[in-house]
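Worksheet: one structure, shown below.
Going in written order, the chains are labelled A, B, C and D, and every chain counts its residues from 1.
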Amino acid sequence: MSQVHVHRVEVCFGDCDPAGIVFFPNFSKWMDTASLAFFMACGVPPWRELVKTRGIIGTPLLEIHTRFLKPATYGETIEIHTSVEEWGRKTFRHRHLVRRGDDLLCEGTETRAFCVREPDGRIRSIPIPEDIQALCL
Amino acid sequence: MSQVHVHRVEVCFGDCDPAGIVFFPNFSKWMDTASLAFFMACGVPPWRELVKTRGIIGTPLLEIHTRFLKPATYGETIEIHTSVEEWGRKTFRHRHLVRRGDDLLCEGTETRAFCVREPDGRIRSIPIPEDIQALCL
Amino acid sequence: MSQVHVHRVEVCFGDCDPAGIVFFPNFSKWMDTASLAFFMACGVPPWRELVKTRGIIGTPLLEIHTRFLKPATYGETIEIHTSVEEWGRKTFRHRHLVRRGDDLLCEGTETRAFCVREPDGRIRSIPIPEDIQALCL
Amino acid sequence: MSQVHVHRVEVCFGDCDPAGIVFFPNFSKWMDTASLAFFMACGVPPWRELVKTRGIIGTPLLEIHTRFLKPATYGETIEIHTSVEEWGRKTFRHRHLVRRGDDLLCEGTETRAFCVREPDGRIRSIPIPEDIQALCL
């Protein structure tokens, strides 16, 4: 359970492919943006500050699952409704609903982990910081 | 001379490169979006309608010239101020000023032509449609 | 069952994010490219020809499911091993394995349908063309 | 004067826009990739190593100037011929010629500077490292 944040996107010409519809990886990009917007709306600092204060580089993806129901095109405004539907010990799962007015265009989940960078440059997941989780409820 | 349109962009994590700043081709993408937003704000239909009614597929680029003055990063909102600084017979030149508050981040010109698609699939420029130009003044 | 096609990608600086690793939607883009490369390697014409001869605009995505195991960065070459693991009547499912040498970086499925554009502009799925399927086995 | 490096790109479906041709900012992305490929072919380490050994984060863009002569589309292979046409004290200028067989599709220049990141996070240009320049001649 968590708050729900709505992120608005204006679809651009360059987001669309030769079929005239949104090139689907852009939906993944927008869900990623919606994830960060969710945390920032909850009061979490952007990753470039957290990396300095706590070594946290962000919340890399472990898994995504997306269903595409209706296409969108440029000149349209879409909304991404983002929440956290499950908090584990080291991972959490976002749910994103992409809407254009009353139409559900696309829905998906993202499984992510908070990660730090080790001194040797490797990226390692950490338990979900309790204070960050508390901000999102 | 023309109207001036302001297009707003929220910079995303995925717009930035390993140096942590906007990957510069995104400025070109946003200027392209600002160009279409300019025409639509002036009352010109989107290209996907013009292609049906008049065969016009859009205004492909002939030339761009951009100077990058200051970097931007994710979580920031920038504004693109777009106008047409010169109308020729078959080409026109946009000027885009990209600002973050009082800072000028980037400025550039785009030379474009209105184009139609020939029956053989080739793209051909046409004289600037007078009614479209009139909408933009 | 199907043939297996290997598509090679050189990871670019601009494919990576501020954490210095591939921005994950690029894996979806590369799987999409690998899908078209698979069909073309099997002898299927590119979509821009099929749209003229048979009205087929391509194979839009219905669903994707991807697991990210290890990150990649620029200067690396990765391989996408693509096959069709299931053919339905109107949909088929690709499997993509993304490797860097012996490392499995990412694996995913894509469910797609062959689609045509209706005279009113809407996109509609069709039964999988038997001749195209036969080319892929 | 410098060496000339040829970087090969296979144009993807997702690189193309609703007009069916390469969305032009992708040419800027490919020129950027060709710039790094040029330096690496000359024996310069990738930026992620130079940032550790010498603090150099890369060669951010100061200015680009590009002329688009002919369009390209997916399924085509293009070549970018990259050299340095002028070395200044703190900046240098790349020339990129984008070819498809004998056709010149696009040509452009990029003015860049080698940059380091200051302790306060700001990015600052430095004189062109003589040893790096020597590798490129």
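We adopt the following convention: a residue touches a chain if its C-beta (ideal position, glycine included) is under 8 Å from a C-beta of that chain, and two chains touch if they have at least 3 such contacts.
Protein names from UniProt, one per chain: A, B, C, D = Thioesterase family protein.
Since we're looking at a predicted model, the values are computed, not measured.
*Asks:* Would you mind telling me which chain pair, B-C or B-D, is linked by more contacting C-beta pairs?
*Replies:* If we tally the C-beta pairs in contact for B-C and B-D, the bigger total goes to B-D.
*Asks:* Would you mind pulling out the distance in Å between where the CA atoms of chain B (Thioesterase family protein) average out and where those of chain D (Thioesterase family protein) do?
*Replies:* Inter-chain centre distance comes to 23 Å.
*Asks:* Could you state the distance in Å from the CA-based centre of chain C (Thioesterase family protein) to that of chain D (Thioesterase family protein)?
*Replies:* 28
*Asks:* If you average the CA atoms of chain B (Thioesterase family protein) and of chain C (Thioesterase family protein), how far apart do the two points sit, in angstrom?
*Replies:* 31
*Asks:* At least two other chains touched by the same residue of chain A (Thioesterase family protein): list those residues.
*Replies:* As it turns out, chain A (Thioesterase family protein) has residues touching two or more other chains at 13-14, 18-20, 23, 25, 29, 32, 47-48, 58, 73-74.
*Asks:* Chain contact graph: line, ring, star, complete or other?
*Replies:* Complete.
*Asks:* Sort out for me which residues of chain D (Thioesterase family protein) touch chain B (Thioesterase family protein) in the complex.
*Replies:* 18-19, 21, 23-26, 28-29, 32, 47-48, 57-58, 60-68, 71, 117, 123
*Asks:* Touching chain C (Thioesterase family protein) in the complex: which residues of chain B (Thioesterase family protein)?
*Replies:* Within the complex, chain B (Thioesterase family protein) contacts chain C (Thioesterase family protein) at residues 13-14, 16-20, 23, 25, 73-74.
*Asks:* Taking the touch rule as given, give the residues of chain A (Thioesterase family protein) at its contact with chain B (Thioesterase family protein) in the complex, in rising order.
*Replies:* 10, 12-14, 20, 29, 32-33, 36, 40, 46-48, 58, 73-75
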